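What follows is a pair of complexes built around subunit A, which joins subunit B in one and subunit C in the other.
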Partner chain A sequence: MPHTKRRRLVTTVVAVSLGATALAACGSSDDSKADSGPVNLTFWSWAPGMDKVVDLWNRGQGKKDQITVTFKKQASGDTLVTKILTAHKAKSGPDLVQAEYQALPTLVSNGAVADIAKEIGDARSDFADGVWQQVTLGTDAVYAVPQDIGPMMFYYRADLFKKYGLTVPTTWDEFAGTARALKKKAPDVDLTTFSANDSGLFAGLAQQAGAKWWTTSGDKWKVAIDDAATQKVARFWGGLVKEGAIDNQPMYTPAWNKALDTGKQIAWVSAVWAPGTLTTAAPDTKGKWAMAPLPQWSASENVTGSWGGSSTAVTTDSKHQAAAAEFAAWLNTDGDALNALAKESGIYPAATNAQTSGAFTSPPEYFSNQADFYTEAAKIAKTTAPSAWGPNVNVAYTSFNDAFGAAAKNKSDFVTALRTMQDATVADMKKQGFEVSR
Partner chain B sequence: MSSLAVRKTAPAAGTTPGTAQGPPLRRRVALLPTITLLLGAVYTLLPVAWVVIASTKSGSELFSTFTFLPGTGFAGNLKDLNAYRDGIYWRWMGNSALYAGLGALLSTGVSAVSGYALATYRFKGREPIFNVLLAGVLMPPIILAVPQYLLLAKAGLADSYLSVLLPQVLSPYGVYLSRVYATAAVPSDVVEAGRMDGAGEWRIFTRIAMPMMIPGMVTVFLFQFVAVWNNFLLPYIMLSDDEKFPLTLGLYTLLAQGSNQPALYTLVITGAFLAVLPLIALFLVIQRFWSLDLLSGAVKS
Partner chain C sequence: MTSSRSRKPYGVKGAPYGFLLPATLLFALFFVLPIGYAVWLSFRKVHVSGLGLGAGARREVWAGLENYTQALGDNEFYDGALRVLGYGCIVVPVMLGLALLFALMLDSERVRLAPFTRLAIFLPYAIPGVVAALLWGFLYLPDVSPFYFVLDRLGLPQPDLLDGGPLYLALSNIAVWGGTGFNMIVIYTSLRSIPAEVYEAAKLDGATPLQVALRIKIPMVAPSLVLTFFFSIIATLQVFNEPTTLKPLTNSVSTTWSPLMKVYVDAFGKGDIYSAAAEATLIAVATLVLSFGFLRAANRRSKQEAAQ
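Up next, the complex of A and B:
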């Protein structure tokens, strides 16, 4: 999602004010998990159509178990995390929240989401290891149930690739070669752009290269945003931008939409949800695009990163954590629920079985020309590299937007920008009182 | 050379200086302000024009056709907006009208009473109270949003209509404006005369002072109405139920739908366009109260 200025402003303002009202108030956990009689739960989520899925629960399983869920639609993104934390300070948070994977460590370190390892039963078996690891944060606890994932893929204009005589790159070296070859054949056409306005993309690319930005050892955090793997990725894209082989304009702008729609940019490194974005960004080129696995760093590898995706977490404010966990597990593992989620909310499910059944037996409308779209997608999803998120992803992301935004615009050194991002992240963690080892 | 100089100086020295030099001179003086004002008008109206034109474009036209070329999708956009989650947009519109209308009305009432009291009565602590209020004017309301949330959550009022209405009722700026206006518009002679005739203080305020303060109160009402109508952060923090959202917040949720969903640009733009209309209507209707009493006074001096 585009990280708008306004959203960032709101986040900053709320964060600053929150800091002013003292972070000292620690959560006192009273054990009122025992449920008896009818239970009412509130659920904050931004997924469109989630009300219909919640209805399904309230009419079926929920009615049987006397658990009624009220859905309250929210706006997605960093601001929601801040809002949850604000509500948590006042002990008036909802019972269930939708949380992006990279936001979970922030919520956990603020004591806002509960460990539901005991309550969710055998839900674990429905998910791939890499996905599950994102909700356990590598511990024995379980902080959420995975909902949707965003395995990254390579999208390209099949017709224009043919026209310019290009082949689909399978390694990043080939990718660079393709970009250069295209520049030679059609100087005013770009293969793609390096956009610095969505940090999720860069994080996913680094993840594919094997980067682990946040790790813990003992009580200490280790921040490795400028590790060798990420430097490799930064150098690669920085080089392409510098030599002019690809564009340096941001994504999600009207100009970008136009470039995609008119064939001025003929490829996009994106994730499984790209069909939805392309439908509005490039409506005239429907049926002309194709999807392929992400190029690899070496021909023998087969990994991808993830960009986006979210989970359902139970808050520590909830007085009915067991009931809430039951709903979270149902929502993300039950066949009917996942089918409804796919149909109403357009999500790509994290649960492995759901990726090839129901709504995913036929390709998305925009990709009607690629019949095996979702079979391919499920295969790619299995190769997702594990991710490692930390407690201040938002700070790292903001720093990315600023440093890489400037670097892309000036075509300057990306590795320097990466160092800025590392330093800003470490400084913020220390300020927040985390122990950081280097 | 010399003839030119003569011709030039002749009229100035002659009988009708105004006809020859007056008009060009006056026009040159007026040119700069006019250009400045025109630039200002273009600067403020261009985005409005963009919204108006963009709201007529269908999803496929929005980013592909020329920016200021009207599209063909206005009816379709309206229909989509109307259909989105069973017309929740109109509910947001109603909520905004409630928050802004009732909030501004209450706020104007409170401001008028307190402004009048601060202006007419001399009592201990009047200046400190006024100075604290002045400090409140300097305090951006954004800073107060989170503490207000924590307070109202403690009172069990979070996520209710009251949680958005209450914090907006006391507007330091409104009180300040009312005091300044009351000082200027309500002469102490008139208040004294009322007392002499045996009217109670409340009667003096409602029957004599308030009519004189109406232009000032209209200003406070408009300021407050626009401020609440455009407010984002306070309702954002207070409300979690989108049935209670005002327009600003509702439209924001349409934009931030998560990464797997395209942002509903056409709906947001059409919604923003419709959201401006009530404000324009309000200004046009209320404008006439403004100039009404500015020149007329109760006492001749």
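Up next, the complex of A and C:
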């Protein structure tokens, strides 16, 4: 049978947590003393090249302070959140974890990450308010140190825009007009696609429109995934898909790569990390792309959303929270560390000063034609709208994948899909016992 | 002397238990305990108080049958089961039919290059399911598939294999491609063990090769067919690799396409291991009932036949 390996999933699902429980007894055996003498920390992260950055610490600052960090490479996204929560249940978690901003409320709600407000000193001054708010969740606590951010931008094929006589859209109305104009000139070519396989993109677009999906008042959560702002975004993209002005196929597929590389799709609403993705997805069109600010909902506005970005958090299981917080602060505020992160991991730093220094004084290689790439990016980053994450973003995101995937496929009403997403999210929170108001 | 005499009865009595101990221990540790824990979890749930942000705001509490009623009341779970049923209705007959046909052909006297052919048919089974699904997934995508390139050049229609009805064919094709070889080997092995005198008798009676195949070979390998059918049902109920691998390529495969995918997404996507445990238990029970129900029915029939 080709699927015999899956036969044991029934038990595997549980074996994972069971194994973790069994490990509880022997896990994290380091030393239970206070922070004196040499300290060993474990760090879970998915950033490529992080081992080299950690090396930098172990040879420099870490050696001085007798704090050695061991890096363990992980899978990214929701998989890691589940792994952290499982490890936390077994009280055998690592000392430090990389966490996406939208996962922080889930981790905090599960008691997996520690409040390090006292330990991180003056790190706050290195970050913009909007970024900092994401790691405090609007409270007095500090649950992580911001690492990278993903302000959203508009990427387009400069040469093909010229060829088809298109102008770069500055508002979403113009964006729709551009898509239609292109369809008229070249029916085989799409401006872009609406992809339902990465919820972060849609969340960022809603954030730009002013949506606040999760907010609190008193002891109650308010879930407003289907608020007016998000409905506007859903209706806009649903309309474009329905009239066939843009494609409806998912991104990150071999077909999508080919479409970008051959000029079948000539623009991409993305974030600051796009050059890395384009380098592998569309290698043949290097130097032909350009970046512009995200189109706006009204010409007088200047805001963007964020897509992606992560932070470094200290776990409640760590026996050396102060030492761990010191490393987290160093990793994300120290000039050398940020330079190494930019070079080895290719991240766009959350620390404001680092955005225009060191590695970011010259454009990414893929955008060598746009000399002011990072100057522009830093300007755009400043316009990032505040975000509002809740304790079950993962549920909302999963629901998005299915509801919007089906809506994009059937070219049906996106607002209905949005309501499905809202209902699934509220139902899950109620099931868990959260007090939810609408 | 006295000491050995007094020890002996004890040793004899204890020996069987001693021998049983390792197996029992392993069985308990790695089978009974995890399953028991899964069932235990399926009756639990998380309860959050307030905003759920403070320490200790999240407790595990007794849920009773809530997870089960929720799973059984979830249309997506049934829809998933129906999709898998549709998929199974294509995979099982086609895969076993082909396996039987290939086995009979390999077993016939006039076959050439038998060892090579056998290996060639078996080889896809050696390819990991995920790799196979990825490979086929690329071939199904119109923009990168050489098939579509050829169809395009010949001016033939190009069906969308990743949507609607053809999606089932596309998924089944991966399973058939990967599973036929294994089932063929099982059937072929039992064909080879049929005594030669049976064939000789058939030949003396003037049976044609086709008659030999239909009247002698197929009835005599019936137990193998039952076995492969049994395996195939289980594999079908637990389909996961193929749809999961194709999911990123198309909007048509949801994260809860098959029941097992729903278990996975509940446990690892939504972080709700309690619902996932309840669903897993339900799938396990359904699998047991269906597969053993089939085995009993098959056994009863063969017993009746033997009695006649």
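Just so it is clear, the second predicted complex is superposed on the first by the 404 of 438 C-alpha atoms of A that agree within 3 Å, B and C clash if a C-alpha of one lies under 4 Å from a C-alpha of the other, contacts with A are read in each partner's own complex, and residues count from 1 in each chain.
One rule holds in what follows: a contact is a pair of C-beta atoms (placed from the backbone, for glycine too) under 8 Å apart; a residue touches a chain by one contact, two chains touch by 3 or more.
Note that the coordinates shown come from a computational prediction; the quantities given were computed from them, not determined experimentally.
Contacts of A:Ala299 after superposition on the shared chain: neither subunit B nor subunit C is touched. When the two structures are aligned on the shared chain, A:Lys258 is found in touch with subunit B and with subunit C.
Judged by the touch definition given at the top, the superposed model places A:Lys91 against subunit B, while subunit C stays out of reach. By the touch criterion stated above, A:Trp221 is placed in contact with subunit C alone, subunit B being left untouched. Of the two partner chains, both subunit B and subunit C are touched by A:Thr79. Of the two partner chains, neither subunit B nor subunit C is touched by A:Ala371. When the two structures are aligned on the shared chain, A:Ala196 is found in touch with subunit C, with no touch to subunit B.
By the touch criterion defined above, A:Leu137 lies against subunit C but remains apart from subunit B after alignment on the C-alpha atoms of chain A. Overlap of the subunit B and subunit C interfaces on subunit A: residues 1-2, 4, 6-7, 10, 13-14, 17-18, 79, 254, 258.
Of all residues in subunit A, only 1-7, 9-11, 13-15, 17-18, 78-79, 81-82, 85, 105-106, 108-111, 137, 139, 196-197, 216, 219-221, 248-250, 252-255, 258-259, 264, 316, 391-392, 394-395, 397-398, 401-402, 405-406, 408-409, 428, 431-435 touch subunit C in the complex they form.
By the touch rule above, subunit B contacts subunit A in their complex via residues 59-60, 62-64, 85, 142-143, 145-147, 149-150, 153-154, 158-159, 232-233, 236-237, 240-242, 249, 252-253, 255-263, 265. Interface residues of subunit C, counted against subunit A in their complex, comprise 31, 33-35, 37-38, 41, 45-53, 55-58, 70, 125, 129, 132, 138, 141-144, 163, 174-175, 178-179, 182, 231-232, 234-235, 238-242, 248-252, 254-256, 260, 263-265, 267-273, 276-277, 280-281, 283-284. In the complex of the two chains, the subunit A residues touching subunit B come out as 1-2, 4, 6-7, 10, 13-14, 17-18, 20-21, 42, 44, 46-48, 51, 72-77, 79, 83, 86-87, 89-92, 94, 148, 150, 200, 254, 257-258, 261-262, 271-273, 276-277, 279-281, 283-284, 307-310, 345-348.
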